[in-house]
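First chain A sits with chain B, and in the next complex the same chain sits with chain C.
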Partner chain A sequence: MQKLVVIGAGMASGRVLEHLFETDPDAYDVTLFNAEPRGNYNRIMLSPVLSGEKSYDEIVTHDDDWYGERNITCRFGERVMGIDRARKVVIGEHGEAPYDKLILGTGSDPFIIPIEGHDLPGVISYRDLDDTNAMIEASGAPGGSAVVIGGGLLGLEAAAGLRLRGMEVTVLHLAGHLMERQLDEAAGYLLQKDLEKRGITVLTGASTKAIRGTDQVEGVTLEDGTEIDAGLVVMAVGIRPAATLAKEAGLEVGKAVKVDAQMQTSDPDIYAVGECVEFDGTLFGLVAPLYEQARVLARTLAGEEDAFVVKQLSTKLKVTGCDLFSAGDFAEGEGREDIVFRDPARGVYKRLVIEDDKLVGAVMYGDTADSNWFFGLIKDGTEIEEMRETLIFGPGFQGGAAADPMAAVAALPPEAEICGCNGVCKGQIVDAIQDGATDLGTVKTATKASASCGTCTNLVEQLLSVTLGADYAGQGAQPVCGCTDLSHEDVRRLIKSQELKSQPAVWQELAWKTPNGCHVCRPAINYYLLADWPLEYADDPQSRFVNERNHANIQKDGTYSVVPRMWGGLTNADELRAIADAAEKYAVQTVKVTGGQRIDLLGVKKEDLPAIWSDLNAAGLVSGHAYSKGLRTVKTCVGREHCRFGTQDSTALGVQLEKRLWGSWTPHKVKLGVSGCPRNCAEATCKDIGIVCVESGFEIGVGGAAGMDVKEVEPLVKVATEDEAEAWVVAFVQLYREHAKYLDRAYKWIAKVGLDWVRETLSDDATRAALVERFDLSQSVYQKDPWAERSDAKTRRDYAPLADFTLEAAE
Partner chain B sequence: METATDTTTRTFIQVSEVWVPQGDSLKLAAGDYGDLALFEEASRQETFARGEGLPGKAWAEARPVVLKDLDGSYFKRADAARAAGLTSAVAVPVFDGKALKAVLVVICSDDDTRTGAIEVWSEKDGLLMLDDGYYGAAKHFEWVSQHTHFPRGQGLPGGVWAAETPMLLRDLGSGYRFIRADSAGKAGLTTGLGVPIPVPGGRTYVLTLLSARGTPIARRFELWDARAARVGKAHDAVLVDGICAREGALWDPDNAGNEPQVTAWQGPIGRVLGTGAPVVETETHPAGYASMVALPIHKDGELAHIVAWYC
Partner chain C sequence: MNWIDIGALDDIPLRGARRIKTQSGCIAVFRTADDEVFATGNRCAHLGGPLSEGIVHDRKVTCPLHNWVYDLETGKAQGADEGGIPTYAVRVEDGRVMLDAAALARDAA
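Entry: the complex of A and B
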């Protein structure tokens, strides 16, 4: 009988032994080393043990009887110190063990981030039963709190388990969404929502700086300065193959112990299986390939031919109530097509990724009934062309109707506010319809929904349609784009009423048909989110047009224009000198005075932008936002300070307004004018907002334009003081920011909602004050000079060309 | 897994019965009365109007109801109960949306040795508070429970609330050292089954059955998942978790995707799938148990889960 020594009583080596004893019980005399003082248990079920949903006894794979019946010599709790390949012995802490064949099943070690405090008591990894018991022990302290670093599979299972045990739990995850290796953004959003429903706090984009504590962990400090108190810190940031023993024995080791398809290492008598293995450049962490390796190795040891092949893997999370599935590759790419299905009411998201008529990836959340079927299609590389149209509905389609275009509205709860102006909820509207209202007019009469600004009209119509079915034939409204059936107004309303604060939340809860929008809807959604949730939502530069992303207007020759802000059209000798210097230094082709009383430097190379901004910044000049959907210019005349007809200090008021409004993002560009008298030298009456000063005060008009459409402003209000004028202008801008469709200039928006509604709304002192307050809150985040924020070395690199081909060509 | 090795015969629940709506009243559909023949006879002659007696109250008020002292209460069969030594009862309405499918009633007798817990938790101000519960001899645990609340995700009630799914916890008193768990351990409570009880109006109720070593509520627990999102639209259910005194763990991760499955009308679980109502059965189960109770949970217009316990 040959001597077989196995180092590591893990799941892979355990499975090898099972196969081996099934095939030929008398082939080997087995000695089994394990550093843990116990035999093989189902390590992947430790999370349910932590949560209390399984007991340790239930997850024991091989108990003492199993080993005894097979005459296996168990050396549990004994570390292996080395392998003497020349003498073919394994050197344990308590003596040697000779081998004819040796299996390495040393598994992996948890990766510990080497930050300050990582070695404090109370900081633990999550790999084995001892770690699990340590967490259970720590959760016993009443009112205890834990931080889990790492929002991958293991970290989230630990978090859910600790929460069930009674702890306050915070998950810190470096990436932008949870389980980013297995899930896309949309599924990550749903998972986060589910975990938050369990009372777990999830912080994404969270970088841990240090772990605090003296004799025991007391908390965690993040890079952004956030402090989180915790008596337990669980590090679940990944694993590293445990290959030291193999390396010291002189075996070939790369990222892990290198094996061939028969699981043989560089020594023909030594094999390896499990997480310590590297095969064909691939490492392994999930159980399915480990079991496959075990099967192959057992056959190899039995003298049979077999070969290990890397196959597609699928992922499931063991948190009760979180149903997710992911398999294959779901990265976006050239030639790939997505099929997306969402059911916001049930929290369902399914995405299939197709390439060359084959399913290459699948992500599912909330409905995983067909996951095995999809996984089979991926593994088998099945041609799906013929079932492409119905593929998303699974093998039983065949009942699958087309996605319901009203799904988002149907999914809204009764308390969802539909008409913000009159505070009317979905339930009230549905009740009115059920009580006999059959069209928009009768609903309006019964509930006042859509009776004011009218932007919720389409939502009310959709509710009529959902409630009355085929009996209702409404007008419908233009959807934002092909990604959704909702109009801009619908989306705006629902972002507010359903408190949707991220792009994935919008995509999912409003049943978007694409994974993450398109070039049409993303800029709009990005704007709506930042306008409604300035503190919670972070502007996404990738959802902006190129000019806004680069903070400069691209010209037809590929160069950019640079326009410094000149408050109210005022400048001075120092600023002009700096502009002249910059024009010379950066070989500016054209210097142009604009219609908005600014100086435009045209022909600046992209790579020079950070430098010219920096130079202009040094002279006190900031970006003029000549490229933005935001405040452009405030044009003024000289006013009463210099002009004999001037009735008020129009220049000062213009400067004051510009300093208040600059930096704010708006649905479209906003231009202001302040004229000191009705002679209107600042051409205020064709601006989005125009103020004409008169002896008795200030006449404010809105909705002017002098572009493709030429329009004179319509009178909004006349006020007596500058302060009142400023408050009305700010409130108007905020009302426009909160209600208008993206890319609607003010005059277009006013035409839709009616100037009467705008005037009536702003006339209410409390409403006006609240609008001003919300505007100022937004400005606390967004009133920043983009030039100053982009003068660092990183930005310079980003703006630099990738390669200088001209030089190469010259050489 | 101490419950799984328990071999005592005294059980915490003595009577289980299912009352189904028929016209304007509830009629007995099935019951397990053990050797309490007279009480069974009294029950078979009874019907309950909406709001009448314990089942009628659970129906009318659309909530689980705990009645700890049958004697002198609105319990219609009080005389028969007294004669049978029955003292306390819990009625659990089973709603599918607004439609009542049935009322499950479990009745217990009180003595100094029967330990266990049947609790009803309801949400108040964002926390689950004990609505009421029957604990038998576990008086200290009862007192602790009355002074405990659960946020979302914490403990068995909070976990069920957050996950909106039944849960089966093992080793109730070990490892948990917060006060209720410590007390549970001292009371000998080992296994906990938590079940969401959906009712019209959307109020949150969670039913927990905590089983003790000496007088278990059951010796076998099963959790079946019947959601279309999990098993497709075939009106099937798969066994996703369970523990049995005779067979050990009823789950197998190596068999994921091929769990035991039943279809409508196939066996007692299949009958629950078919009718949408609870089943109480006294036929011998293949694992050798004399009786079983299966309770369905309807959610979002479908039969989502079934929990079953066997004695």
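Entry: the complex of A and C
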């Protein structure tokens, strides 16, 4: 009888032994080494053990009787120190074991980030039963809290298990969304939402700096300075194939132990299976291919021909209630198309990836009932052309109609408030319609609904449509773009009412038709989110047009213009000298005085931007935001200080306003003017906000423009003091920020909502103060000089080409 | 095919792009939301706008100058606009972006 030694009692080697004894019980005399003091158990069921849904006994796959019946020599709890290939013996801690054939099933080791504190007691990985028991023990203390580092499969299962055992759990994940290797942003968002519903805190983009504690772990410190207290830290950031033993034995090792399709290593008498294996450049972590390897190896050992091939894989998360499925390749590749289905009400997201009329990948969340069918289509490479239209609805599709977009409105109770401005509820509007109102105008007259800010216009139209049915032919608001049927007003309203605080949240909850929007909706959504949730939402540069992303105006030849801020149009000799020096140093093509009382340096190369900004910063100059949908300039005249007609210090007021407003993002650009007397030398009456000073105070007008349309401001209010003027201006800007459609200048927005509503709203002292407060809160985040923030080495690298082959090629 | 390492995948922003300079003009290298990477000529077929500065959505880019939209796989302009940009073979290996060397040796576009 040949001697077979197996190192490692894992899922793969256990399966090899099963197959082997099924085919030929008398072929081998087996010795099984395992560093863990126990035999084979179902490692992927550790999560149910952790959560308490299963016990260890239930997940044992081979017990003592099983080994005994097959005369397997079990050397559990004994480490293997080496392999002597010349003598064909395995050297264990307690003695040698000779072999004719050897199987390496050494599996993998958890990857531990070598940060400060990683070796403290209470920091554990999540690989085996001992880890699981340690976690169960730690969760026993009342009021305990745990941090799980790593939001992949294993980390989330650990987090869910610990939460079920009553711990406060925080998951730290480095990438932007959970399980980023298996899920896309939308599915990652839904997963995070479900976990948060269970009371698990999830921090994405979270980089761990150190683990705190002296004798025992006490907490975790993040790179951004956040401190989280925890008595238990679980590291689940990844695994590494355990290939040291093979390497020391002189076997061929790449990222792991290299094997051929028969699972044979570079030594013909040594085989390897499982996570320690590298085949054709691929590593393995999920159970399906491991079982396949085990089958192939058992047949090889029995002298039969077989070959291992890499197949498509699918992933499911074993967290009760989080239904997700991911299979195939939905990422890298060319020539592919997406089919996306979202049902926000049920929290469902499905995405199919199609290539050459075949399904090549699928991501599903919330409803995975059809996942096996889709996985079958992927594995079999089925032609899907004929069922393409209905494919995403799954195998049971019976030709049903698409979901009714009116259903949500129809389902509202009569007392649901539709028009917040005028306190009109659904019942009143329906009554008005039943009493003869047939369109928006008559509803407005009868109930005042949608007569003020107008954001509920679509809801009222939908009510007309639902109530009147086919009799109603509404104008229908324009959708934002092809990615959605919703209008800007709808999207703004829903972002606020549903508290949507990220782009994936908007895409999912509002049923976007594309995976991640387009150049029309992305900048708008980015603006709405940062305006409504200044603290919670992080601005996304990749959803901004080039000028705002690069903080400079792109010119037709691809160069940029640089405009430093000149507060109220004031400058001095030092600033002018710095501008002149910069113009020379960076070979500026054109220096031009702008209409907004400052100086434009045109023709600067992108890679020079961080350097020229840094030079100008050094002279005290900051970005003029000449490129932004935000505050541009405050144009002033010299006012009372010099002018014989000046009634107030218009220059100082202009500077004061510019210092308060700069850096704020608005739906479109905002220009101000402050004139010292009605002669209006600062041309204040064609600005978005214009102030004309008179002897008795300040006349504030709004809604002026001198662009595609020329508009004169309409008078908003007259106030007596500079402080009042400033408060009214700030409150007006904030009202505009909160309500206007993206890319509507102030005059367009005022035309929609009516100046009366704007004036009425701002006239209320409490409302005005609240608007000012919200503006200041936003400024605490966004009033930062983008030049100063971009003077570091990283920005310089980012603004330079990724690679430059012009020099090398010339050599 | 001869592959040239042009940089780390992480140096290209997600849903963004970087450009690389060659003897015969710039090449734009895009990274989509799903970590796919595409390489095309950097000049828009319309008026030469730098495509590496456009907004990347799905597998498309929108030119920053006049909103022409290109399919990154085929290089074809979308919708009513007619025209196209050259595309080049590019792939990711161990987190590094590898560009087909032929892209560097191409004729000036």
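Assorted remarks:
One rule holds in what follows: the second predicted complex is superposed on the first by the 730 of 811 C-alpha atoms of A that agree within 3 Å, B and C clash if a C-alpha of one lies under 4 Å from a C-alpha of the other, contacts with A are read in each partner's own complex, and residues count from 1 in each chain.
One rule holds in what follows: a contact is a pair of C-beta atoms (placed from the backbone, for glycine too) under 8 Å apart; a residue touches a chain by one contact, two chains touch by 3 or more.
What you are looking at is a predicted structure, and each value in this text was computed from that prediction instead of being measured.
Within the superposed three-chain model, A:185 lies in touch with chain C and out of touch with chain B [touch as defined at top]. Look at A:440: by the touch rule set out above, it reaches neither chain B nor chain C.
Once chain A of one complex is fitted onto chain A of the other, the partner contacts of A:367 are limited to chain B, with no touch recorded for chain C. Once chain A of one complex is fitted onto chain A of the other, the partner contacts of A:20 are absent, as it touches neither chain B nor chain C. Of the two partner chains, chain C is the only one touched by A:335; chain B is not. Once chain A of one complex is fitted onto chain A of the other, the partner contacts of A:518 are limited to chain C, with no touch recorded for chain B. In the superposition on chain A, no contact is made by A:354 with either chain B or chain C.
Once chain A of one complex is fitted onto chain A of the other, the partner contacts of A:543 are limited to chain C, with no touch recorded for chain B. Residues 42, 44-45, 51-55, 57-58, 133, 136-137, 139-142, 160, 163-166, 197-200, 316, 320-323, 345-346, 348, 366-370, 372, 394, 396, 399 of chain A are the ones touching chain B in the complex.
Within the complex formed with chain A, the residues of chain B that make contact are 1, 151-155, 158-159, 162-165, 167-172, 175-179, 227-234, 241, 243, 248-249, 251, 253, 256-257, 300. Per the touch definition, chain A reaches chain C in the complex via residues 176, 184-185, 330-336, 338, 514-519, 522-523, 541-546, 549-550, 554, 556-558, 797-798, 801-806, 809-810. Taken in their complex, chain C has these residues touching chain A: 6-7, 11-16, 18-23, 26, 29, 33-38, 47-50, 53-60, 62, 64-65, 67, 69, 73, 91-92, 97, 104.
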